[in-house]
Amino acid sequence: MSGRVARWLVDRWVVGVALLVLGYLLLPIAVVAALSFNQPTNRLSYDFHRFTLDNWANPCATRDMCDAVVRSVQVGFLATLVATVLGTMMAYALTRHRFRGRSGIGLLVLLPMATPELVLGTSLLALFVAAGAPQGFWTVVVAHVMFCLSFVVVTVRARLAGMDRRLEEAAMDLYATEWQAFRRVTLPLLLPGIAAAALLAFSLSFDDFIVTNFNAGTTVTFPMYVWGAAQRGIPPQVNVVGTAMFALALLLVALTSLPRRPSRPHR
Amino acid sequence: GVEGARQDPQDCVTEDRSASEPTLAFSNWPQYLDVDEDDPTKRPTLDDFVARTGIRVTYTEDINDNNEFFGKVRQQLAACRGIDRDLIVLTDWLAARMIGFGWIQQLDPARLPNVRANLLPQLANRSFDPDGRIAVPWQSGLAGLAYNGRVTREVRTVDELLTRPDLKGRVTLLSEMRDTMGLLLQSAGHDPANFTDDQFDAALARLERAVAAGQIRRFTGNDYAPELARGDIAACLAWSGDAIQLAAGDERVRFVAPEEGVLLFSDNLLVPKTATHRANAERLIDHYYDPAVAARLAAYVNYICPVRGAREEMERIDPELAANPLIFPDDALLNRARVFMTLDEEQERRYETAFQRVIGA
Amino acid sequence: MPDDDPPGGDLHLVDLSKRFGRVTAVDSVSLTVPQGSYFALLGASGCGKTTTLRMVAGLERPTGGRVLLGDRDLTGLRPYRRPVNTVFQSYALFPHLDVFDNVAFGLRRRGVREVPEQVRRMLALVQLDGYERRRPGQLSGGQQQRVALARALVNRPRVLLLDEPLAALDLTLRRQMQGELKRLQTDLGTTFVHVTHDQEEAMTLADTVAVLHAGRVEQLGAPADLYDHPASAFVATFLGQCNLLAAEAAGTAGDEVAVTAYGLRLAVPADRARADRGAVHLGVRPEKLRLAGTADEVPAGHQQIPAVVTDVTYLGSGTRYLLRTGWGGELSAYTVNDGTGARLPVGAAVLAHWVPRHAFLLPRDPVERAAAPAGEPVGAPG
Amino acid sequence: MPDDDPPGGDLHLVDLSKRFGRVTAVDSVSLTVPQGSYFALLGASGCGKTTTLRMVAGLERPTGGRVLLGDRDLTGLRPYRRPVNTVFQSYALFPHLDVFDNVAFGLRRRGVREVPEQVRRMLALVQLDGYERRRPGQLSGGQQQRVALARALVNRPRVLLLDEPLAALDLTLRRQMQGELKRLQTDLGTTFVHVTHDQEEAMTLADTVAVLHAGRVEQLGAPADLYDHPASAFVATFLGQCNLLAAEAAGTAGDEVAVTAYGLRLAVPADRARADRGAVHLGVRPEKLRLAGTADEVPAGHQQIPAVVTDVTYLGSGTRYLLRTGWGGELSAYTVNDGTGARLPVGAAVLAHWVPRHAFLLPRDPVERAAAPAGEPVGAPG
Amino acid sequence: MPGGGPGRRRVLPYLLVLPGVAWLVLFFGLPLVQLAAASLYDPTGSLSTGYVFAWAFGNYPDALATYWPHLARSFGYAGLALLLALALGCPLAYAIALRAGRWRNLLLVCVVAPMFTSFLVRTLAWKTILSDQGWLVGLLRDVHLLAPDGRLLATPFAVVLGLTYNFLPLLVLPLYASLERLDRRVLEAATDLYADPLRTFLTVTLPLAKPGLVAGVLLFFIPASGDYINAELLGSPNEYMVGNVIDSAFLVRLDHPQGAALSFLLMAAVLGLVVTLLRHTRGEGSPALDGGAR
């Protein structure tokens, strides 16, 4: 019996390693989840003291926090949408077309990632101030789109590169215009890549502090709230939100993907 | 190039619309305002103010760090653009810098009777605001030592932090240059309110040796607190308000005001030049200088209350806190306390650059 | 959209060429496919068949030359503007769509009504009813190819390009699909251009066959012409097996050409000679070669070569013999297993003989350039 | 690694089954492939050939049953531990490697020396010298398939699995590769399991052929046995074309079985009958069917059916006739174009006749389940 | 792309890239030009007196002379973290793309969802986990992997670990996206040709997933090398990276010319590495610069 288990593991050592890595990724979340049930001794302690459900009972106990969460979700949503659409378009053009300035644009897309966030934040702020644009929700969205764009382009491009072009040819042979071929064939096949990019964009946006902080005016996003709160100890409700967001994402995906068709065929 | 950030008061005049708009945008540090223990969505003293004056207050806890906040608003203020805030709370040195830049409005003493009456004398006549017309202390605090009695024996002096072998790698200092250097200067017998370059350099050299020797684990902001509570840090430089909170959780965590002296700082209420509700702000400031209101606030935030008469009020709310010298310091302690010297821009850059180099950046 | 197009017309390829870097895949091919005809492009692997087709479909930009449909120049047109559909050699099915949606794809793009009916009918035709909801990944190779076929056919294009559409099908199904293709082509009057390397398929289906060799058209004509009277050694060997003897022709005498091969004097009717002087190939197809035990059995007027049986292969409907001639050459003979005549054993000495009319003469380059060396059997009887 | 393995042995499939969800692709197949033999798996598209092969290669986990090589149970073994190589139906070439590195892949994994020599030799064999540095994307379909072949063969495995390895090749090349495969197999003594839907290929190459139908083995035997004496209507029609007449058998009388079909009384030798009573199929292959203009021309002792020529197809080496019988059935006859006998015109009334020994009897299910309806010609002469 | 080009086709790519490029030029390019100017200001300027544009190229060598150790450390730590992330991320992406079956999406979200829990909260959670008093350090001390007074926090180890942790999803996602579309038949062919899973992975899977791998490496390495929060929270002053210096130059020391110069030095170094990397992978469909356009 144990021999079989051992063999199974040897056969699937990748899966084993992957699970360990996943554990590594989720370990802090476990801590956060545990702390969400914590009744802290005082406002400065992050350590587990006593179990309580109060934090979950009143997740919005701390004024502003839930506003901040809602605002972050809104920003994340908008920024993801815009960045994913623009980024996918760019990635498509960059992979499927040859045109002047292509490699220049390819480089331009990489640059924001190579720029320290602080620099992005302050220099963008300078622009907004010079243009007289009031900082707030929309400047945050603009900033987020800007830095998410690069991530989307790189991710989508990676999937597009090397995608079987014969399929697009077949589509065009079957009367699909370039747009229809994209819409009906490329896009569905690209979807996992786009979804990955969107997920990435959303989480980057949702988690961004530095760029946001400079361009938010008096708008407070969730990370800004957390940074502020952390100065004087993290309220357990922050852990509740963190845990809840995580659980919500899992739940959504579980609901949408479980009743689907069985595993992919071999061909 | 860019022009200087200093504003000429004549160039940037903002009309006060308080009369027509009963609103006020108030930005403060997190957990720097009392919250109802039973209903955390209520802020009793602020709610009282709203009820009493009818002024709608938009209260935002979006100031986490003086430097960061300065970076966030400096371009707007230099360009005489609004920052959507009528009242902000900043630490002395930053208040001084902003006042120096001409970014802060003068207040009308006539509209601040409580302030005139109740401001602690030690906090009047500060160098950056000799007339007390521009920056009103919100809370004050002391920078001193703290240690966790669970993991180390008593620590009494800054010197021990820098040299005691059993503390090696378990000491943190503050990344706020004035606090760390001020305490170091005091421990060397100098006056942080009045020191020379040589004295500063000598103190810094001592710090550098300690860093090089691995004695110092990190330079921190407020985040030393959980680590101290946990015992990862055995001893550190700390702020008095935190220490009270920590002691409430574990009484073996102690705050020490070293014999050589402690550093007194204040966070000040300021009305930015571009704020449009100065009069409303003045009413709020005056509200918090009512001793009864101040006592309720102090009971929550546990910093030094700058309001005379609040102690008496506090005795009614919580006699134990009223007796706490870290909230209502006695004269002996206050006499040991110094405010760090106001630096001009040149000095500030020199000291800050030297200090940052030592702390790693 | 094809429905708005002027009616088709003949498909003309004019000087069509394609180079990939230094590789010339198609080398100035000119040919005309009459409207409504069934045209086959036959050629060895890598000779440029797929590339030619792709240029007609608009999937490859020609390096030179033009593609015309009737009077209309298609050369610069985008694929979806061409009234042309393709069955791809590699299927190129949409992996994210099921069988039904794959087949419906073209119809939907054109906004055709009655999509389900047409798709169902087409799937029934390729014997895939019941597979509507499977994804390509869940089909066998042959099933995938049938989906590809259905996907193109359902659009009833002016010109249908088929790139080895039946290669992955078993013979039964291939036969059946061949019948269906032919029927559809006749019914619809659509021009079919069918790429294949299977000369039997080409000959069964096509009105006209073009034999491609190294990017050029080697011969073009009706199947029987190509088989009976090939223009080159390549065509002779590529279309079915052929015995080619290196020979020297001495010119026409009367209505015969006299040739000498390996010391044997032989004659070929003049109307079956594409060369009558110098180095030639004398060709006889294996099924035209009969085997006799003794000289008595050889009918008068037949030409003959003595040989020894070296190999016998039973092929079900027939038997293939390999023979070794006196000069060390190899000949191939094929007899049908019609129940008459016993099988000859390996080692038997025989006389291979044929009617002079069944031989033909081809010019022979002094330096051989045919696909296979002369004197060796290549290809098989259809 | 294969080199450390104990020597091969016969390959046994024991009750091997594979279900995909509700689809049973392979249904408890048991067969033995003798060591060193050339074995062909023949079957229609979708009958489970590829799936069977994949289970032998270890790429698919059987739902039931076992795979043994000699005494060794391979069932649970990972593919790279099996001394088995595969030529994939879809080529599955490594797109990121050039031709040389594709072929060298297996050798390098095993740390073999002299990689370049072996690869070069193999590439020469499949006529791809000079293509070493091309990527798969720059090759034609047939060229890709040859690379796949070379990539597997170069490893000289104990068992080589070939999944329609020649399907994309033109006839000339296919012949040649068939020859090479057979030679290699004989030289190396490797067991070859060759999946194909081309029964001529199976019959040419294989020592033993297994006919698969709907996931089950329908018949297994030497090619000639299968062709001459099929066990079922399916095998009869799948291996070459066959005329099947629905008939009633009345039992054995002497060494003959008397049958009645459409009012005609016919006889079949008893040793050629797999059923002698009740509903049967009488089978005659097209090439065994001869056509006579008048009854005088029919030799004595032949069986005969009157019919009319409805279609004539010229196939190069032969001619195929479609005939309509009096009762509306269709017959197919094939004559070789050996130069004797004129071609019959469409509409000619003929007598189709055959030697009784050339017919055979098969049991017939009251409800037909053969792939094609009886009385219709299916398949083609090999 | 097949087919001929009427005008519409030639403008199409430009139409497609236009919005994105405009966005980048406006909200990134323009500020960047401003920043470039700032890096050439006369360094003796100050906030109150203003800065004079002076072509002060000297800012660059000055900044480099003082802070090269920080730059080196940035690349050192980011490089180490990258190696670690590759070792962890490759199996993870592989397992999710090819082994997870119907669990795929769920696992994918498990990789990304930690980012929904704020960065700071997670890093603070790491502080709890790595605490000198925590079970992990206790365990390591017990098994003598760590000296009795040894610690994990405030060491380079903690910084690299934090960097790895925080940016790992950025590496995994594109890698996953490109592994997911791999043709499994090709992988099967490799196992059939005696490549065990590891060899298959190294010789076939990884080269075929190269576009994703390159993208992942970029997405990971670029932000990691500019990061300063991990060093600040998990490290000690001896671990500070160039990001910390830039932070301090802009926010604390108010030395904007130096901050800008350091930013450009960082960007230049990162881009130099990136271009080298892409050069190496070009011709095999590297996604970032050359695209897959064949």
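Note that the chains take the letters A, B, C, D and E in the order they are written out, and that residue 1 is the start of every chain.
As a working rule, a contact is a pair of C-beta atoms (placed from the backbone, for glycine too) under 8 Å apart; a residue touches a chain by one contact, two chains touch by 3 or more.
Remember, predicted model here, so these are calculated numbers, not experimental data.
K.L.:
Applying the touch definition from the top, give me the chains sitting in contact with each of subunit A and subunit D.
P.N.:
Both subunit A and subunit D are touched by C, E, going by the contact rule given at the top.
K.L.:
Could you compare the number of C-beta pairs in contact for D-E with that for B-E and name the larger?
P.N.:
B-E
K.L.:
Using mean CA coordinates as chain centres, what's the gap between subunit A and subunit B in Å?
P.N.:
It comes to 37 Å between the two C-alpha centres.
K.L.:
Using mean C-alpha positions as chain centres, tell me how far subunit A is from subunit E in Å, no decimals.
P.N.:
15
K.L.:
With chain centres defined as C-alpha means, what is the inter-centre distance between subunit B and subunit D in Å?
P.N.:
So the centre of subunit B lies 91 Å away from the centre of subunit D.
K.L.:
Please compute the C-alpha centroid of subunit A, do the same for subunit C, then give the distance between them in whole Å.
P.N.:
57
K.L.:
For subunit A, what residues touch not just one other chain but two or more?
P.N.:
Correct list: 46-47, 122, 126, 162, 169, 172, 178, 189, 227, 230, 262, 264-267.
K.L.:
Scan subunit E for residues touching two or more other chains and write them down.
P.N.:
2-3, 9, 124, 127-128, 185, 188, 208, 247, 250-251
K.L.:
Pull out every residue in subunit D that's touching 2 or more other chains.
P.N.:
Residues 20, 59, 78, 90, 95 of subunit D each touch two or more of the other chains.
K.L.:
Show me the residue ranges of subunit D that touch subunit E in the complex, using the header's touch definition.
P.N.:
1-2, 57-59, 78-80, 84-86, 88, 90, 92-97, 105-106, 109-110, 151-152, 155
K.L.:
Could you list, by residue number, the parts of subunit E that touch subunit A in their complex?
P.N.:
Counting only subunit E, the residues touching subunit A are 1-3, 9-10, 12-14, 16-17, 19-21, 23-25, 27-32, 34-35, 88-89, 91-92, 94-96, 99, 101-102, 104-129, 165, 168-170, 173-174, 176-178, 180-181, 184-185, 188, 197, 201, 208, 211-212, 214-216, 218-219, 222-223, 226, 228, 243, 246-247, 250-251, 259-260, 263, 266-267, 270-271, 274, 285-294.
K.L.:
Can you check the complex and tell me which residues of subunit B touch subunit A?
P.N.:
Subunit B residues touching subunit A: 25, 27, 29-32, 35, 40-41, 43, 58, 60-65, 68, 71-72, 75-76, 79, 81-85, 221-223, 225-226, 229-230, 242, 245-246, 248-250.
K.L.:
Using the touch rule from the top, collect the residues of subunit C that touch subunit D in their complex.
P.N.:
Those residues of subunit C that touch subunit D are 20, 23, 43-46, 49-50, 89-90, 138-143, 146, 164, 167-173, 175-176, 197-200, 203-204, 223-224, 227, 237-241, 285-288, 290, 313-318, 334-339, 354-355, 357-358, 371-372, 378-382.
K.L.:
Can you tell me which positions in subunit A touch subunit E when the two form their complex?
P.N.:
Those residues of subunit A that touch subunit E are 12-15, 17-19, 21-22, 24-29, 31-32, 35, 46-47, 86-87, 89-90, 92-99, 102-103, 105-120, 122-124, 126-127, 142-143, 145-146, 149, 151, 153-163, 165, 169, 172, 178, 189, 192-193, 196-197, 199-200, 203-204, 206-207, 209, 222-223, 226-227, 230, 234, 238-239, 242-243, 245-246, 249-250, 252-254, 256-258, 260, 262-264, 266-267.
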